[in-house]
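Each chain carries a letter (A, B, C, D, E and F) given by its place in the written order, and its residues are counted from 1.
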Amino acid sequence: MADLTHFDASGAAHMVDVSEKAATFRRAVARGSVRMAPETLALVTAGTAAKGDVLGVARLAGIMAAKRTADLVPLCHPLPLTKVSIDLRPDHENGTVEIEATTATTGPTGVEMEALTAVSVAALTVYDMLKAVDRGMVIGNIRLALKEGGKSGRYEAK
Amino acid sequence: MADLTHFDASGAAHMVDVSEKAATFRRAVARGSVRMAPETLALVTAGTAAKGDVLGVARLAGIMAAKRTADLVPLCHPLPLTKVSIDLRPDHENGTVEIEATTATTGPTGVEMEALTAVSVAALTVYDMLKAVDRGMVIGNIRLALKEGGKSGRYEAK
Amino acid sequence: MADLTHFDASGAAHMVDVSEKAATFRRAVARGSVRMAPETLALVTAGTAAKGDVLGVARLAGIMAAKRTADLVPLCHPLPLTKVSIDLRPDHENGTVEIEATTATTGPTGVEMEALTAVSVAALTVYDMLKAVDRGMVIGNIRLALKEGGKSGRYEAK
Amino acid sequence: MADLTHFDASGAAHMVDVSEKAATFRRAVARGSVRMAPETLALVTAGTAAKGDVLGVARLAGIMAAKRTADLVPLCHPLPLTKVSIDLRPDHENGTVEIEATTATTGPTGVEMEALTAVSVAALTVYDMLKAVDRGMVIGNIRLALKEGGKSGRYEAK
Amino acid sequence: MADLTHFDASGAAHMVDVSEKAATFRRAVARGSVRMAPETLALVTAGTAAKGDVLGVARLAGIMAAKRTADLVPLCHPLPLTKVSIDLRPDHENGTVEIEATTATTGPTGVEMEALTAVSVAALTVYDMLKAVDRGMVIGNIRLALKEGGKSGRYEAK
Amino acid sequence: MADLTHFDASGAAHMVDVSEKAATFRRAVARGSVRMAPETLALVTAGTAAKGDVLGVARLAGIMAAKRTADLVPLCHPLPLTKVSIDLRPDHENGTVEIEATTATTGPTGVEMEALTAVSVAALTVYDMLKAVDRGMVIGNIRLALKEGGKSGRYEAK
């Protein structure tokens, strides 16, 4: 089980020791989407432009969730985030709300999980606010788009 | 904006007033998946059978997150959950870990968000534990499968 | 010290025993304000109407804080809130943002602290978002406006 | 909306990027008060001297709340506080409990919000412990008294 | 594994389904102690009588922790506690601080874990406040003293 | 009261000012145990080997609790832990589950409380999972085994 760093030699889960790793600048971008009926998406667009700002509420929920990642993901290291921003955009062609979160810190480990958590909770919040009109929405395509910094270097999704 | 119950007439977000609603039995089932490379999935299967139990850690993370749904999703009502169970299953044909969460309570509102949150955080935890070997994993297809109880009645996804 | 119910006969703090009290409908309204320079208030008004929605962010922060009251105020009973709404309104005559929160539950104790906590954290959030342009803002006049339900009955501030 | 740093050019809320800012020593002092009837204040004084220590409970609540500021105020950066102290003092002339909180850290942003949150939650706790005898108390005059460190330098309230 | 209710037939951990159980009155008492050097205990006694109230701080920490039990113990059901009280008493004969916590609720499951968590965190807080003078303290003898209510009925430790 | 650093000269509790202390490497090891009937311990051993992994769940609970130490222990400084590992081992001779937690960080204060909290919550979780078959279990012998780093230097329990 040498490949899974979150387990020790005996198979027990642990929070990986990063005591020896240098604190360097780290950045991550994650993306995801919520697929919904065209009428539902129309409500989102109407609300964002005028009142009933679904995307504004979801953005805030995602930002706050990013700060609580280490509380939610058991083996994640706590990190003092220095940046969280979330972009939510209706995509009428695909019938989705597209979500992108960017996180950064200076620390011994990366901030990928923080970006992915921000996207996930923003998506859950979009779902919550629209579920009274559309129970068939699907949250999907949540993935890492970019990661910079750290020993393993830069990763960019194809 | 009459259709979006989370906003009042002026467009301001609020936690919907459920004071008048009866406390009845509610149940929800949500599903989702984490798509990964076959080699990654093989590590999951090996670990679950022997040591390095990725799915056991993810299951616990999902259960704990379900209890914190109202802390994460801004306009969600706090609810004393009476049941949370999560099933995680490697699907070698599709190259995924399939996740299903079931939640229940007796209360004035439903537990769909709790089930969806459980699935999302379990999926994030699977990602976290495997990201050192596979950064290209994709969390997806998170949706409501079933909902019972309450005035709007039963919903089952097709 | 018979008058202070949060202490026992020996003076030790405790969470008052409400086991014998009936669960009845409770409602509370609290108010408060943030006083600021006219130019700062103008920024708030501009943002709310168009973009940069200070009051929308503060409203959400207050709603979420109401749900965490028992985590913040040591001797407060945990309560499943059934309603939280917050109104924030620029008052150009007085140079303030006026805040009013309404909370409700069906339970053995009241929801005054939840309403006051919602107002306080909404006010802190207004401060946070405007502090770069105005450090002299003052949060004040946070008080209970109304309380209904429970053995002590209705209270309305003069 | 260039003046409000918590919004980007499109008006979307974000957690300001402080990745480039140096970690320097920061300190803040905030103040506030709870106004109450003379008989209520007499109970506070009696309790503090002997048993039923209202101010001791409020002090602890404020210290703990300071550590959770970034959980409560949506766009606040998480910061490892290196100091929190809170002074609560009955002021019989003005009929108030006067509250002063001091916070410090070494980090890329200031600790004003932490000091203001400490004062606010200490005040809410004073209210909670005395509300059975005095529902007319008013929390007020919460403001920044001093701020040191960071690019914007020293600020002292007049 | 039929005896361990926290696991299903396949051995997977879950939060036991209590949906069918009636909400009845439940009460629990737990006890524990912190053993320390006589000089350390003398400091505690001195502080409690005059200033530097170690036991007062520990009592509050235990009360607050009881409310967060379901956040800490993974498979614990969330419960709205209706009573928490904690007694801390220096025992000079045994060289200990003796801790006893009582919790109550009306719900479908018991409050034993809440009482045990209250004792544990109160003990940790006693340790924290005295560790600068005595690193050899030992927290021990944490056990359930009494449990009332529910299908399994009354239990009293011998 | 000069000896108790968590109180100021007037006896008021505060979070000790560590602003001036250098951030150095810190490590702590804490230990504790849960004593139970031989039949109960047999269930633990059976489960760990096959399914129904009591110790795996307790380990995870302890790791997550370590990250929340500053939320639970009122005067504890928040610290970004760089390592948490927990070992749980059935000791059939003594009829106990033996628990050992190791924590580390680079910071201005030590991580003893984090290690002790990890042990305590792991022990509470063992209790929770086995309480249906054995209410007489006793959590005990929770103590600091080792501490390294900081001005006060190395401490090793005899």
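The rule we apply is simple: a contact is a pair of C-beta atoms (placed from the backbone, for glycine too) under 8 Å apart; a residue touches a chain by one contact, two chains touch by 3 or more.
Because the structure is predicted, anything quoted here is derived from the model rather than measured.
Visitor: In the chain contact graph, what is the shortest path length, in steps, from chain B to chain D?
Guide: Contact-graph shortest path, chain B to chain D, evaluates to 2.
Visitor: Any chance you could name the chains that touch chain B and chain E both?
Guide: Neighbours common to chain B and chain E are C, F.
Visitor: Is it true that over half of the residue numbers where chain A touches chain D are used by both copies, so same, or is it different?
Guide: Both copies, chain A as well as chain D, present different residues to each other, with under half of the numbers appearing on both sides.
Visitor: So, comparing C-alpha centroids, which chain is the farthest one from chain B?
Guide: Measuring from the centre of chain B, the most distant chain centre belongs to D.
Visitor: Compute the distance, rounded to whole Å, between the mean C-alpha positions of chain B and chain C.
Guide: 31
Visitor: Considering chain E alone, which of its residues make contact with at least two other chains?
Guide: In chain E, 12-13, 53, 56-57, 60, 64, 68, 71, 74-75, 80 touch at least two other chains.
Visitor: What pairs of chains are touching here?
Guide: By the stated definition, chains touch in these pairs: A-B, A-C, A-D, A-F, B-C, B-E, B-F, C-D, C-E, D-E, D-F, E-F.
Visitor: Hey, which residues of chain A end up touching chain C in the complex?
Guide: Counting only chain A, the residues touching chain C are 53, 56-57, 60, 64.
Visitor: Over in the complex, which chain B residues touch chain C? Could you list them?
Guide: Residues in contact with chain C: 8, 12-19, 21, 70-71, 74-75, 77-80, 107-108.
Visitor: Which residues of chain A touch chain D in the complex?
Guide: Interface residues on chain A, with respect to chain D: 25, 27, 56, 59-60, 63-64, 66-68, 80-87, 104-106.
Visitor: In their complex, what parts of chain C are in touch with chain D?
Guide: 1, 3-7, 10-13, 32, 43, 46-47, 50-54, 57, 60-61, 64-65, 68, 71-76, 112-113, 116-117, 120-121, 123-125, 127-133, 135-144, 147, 155, 157
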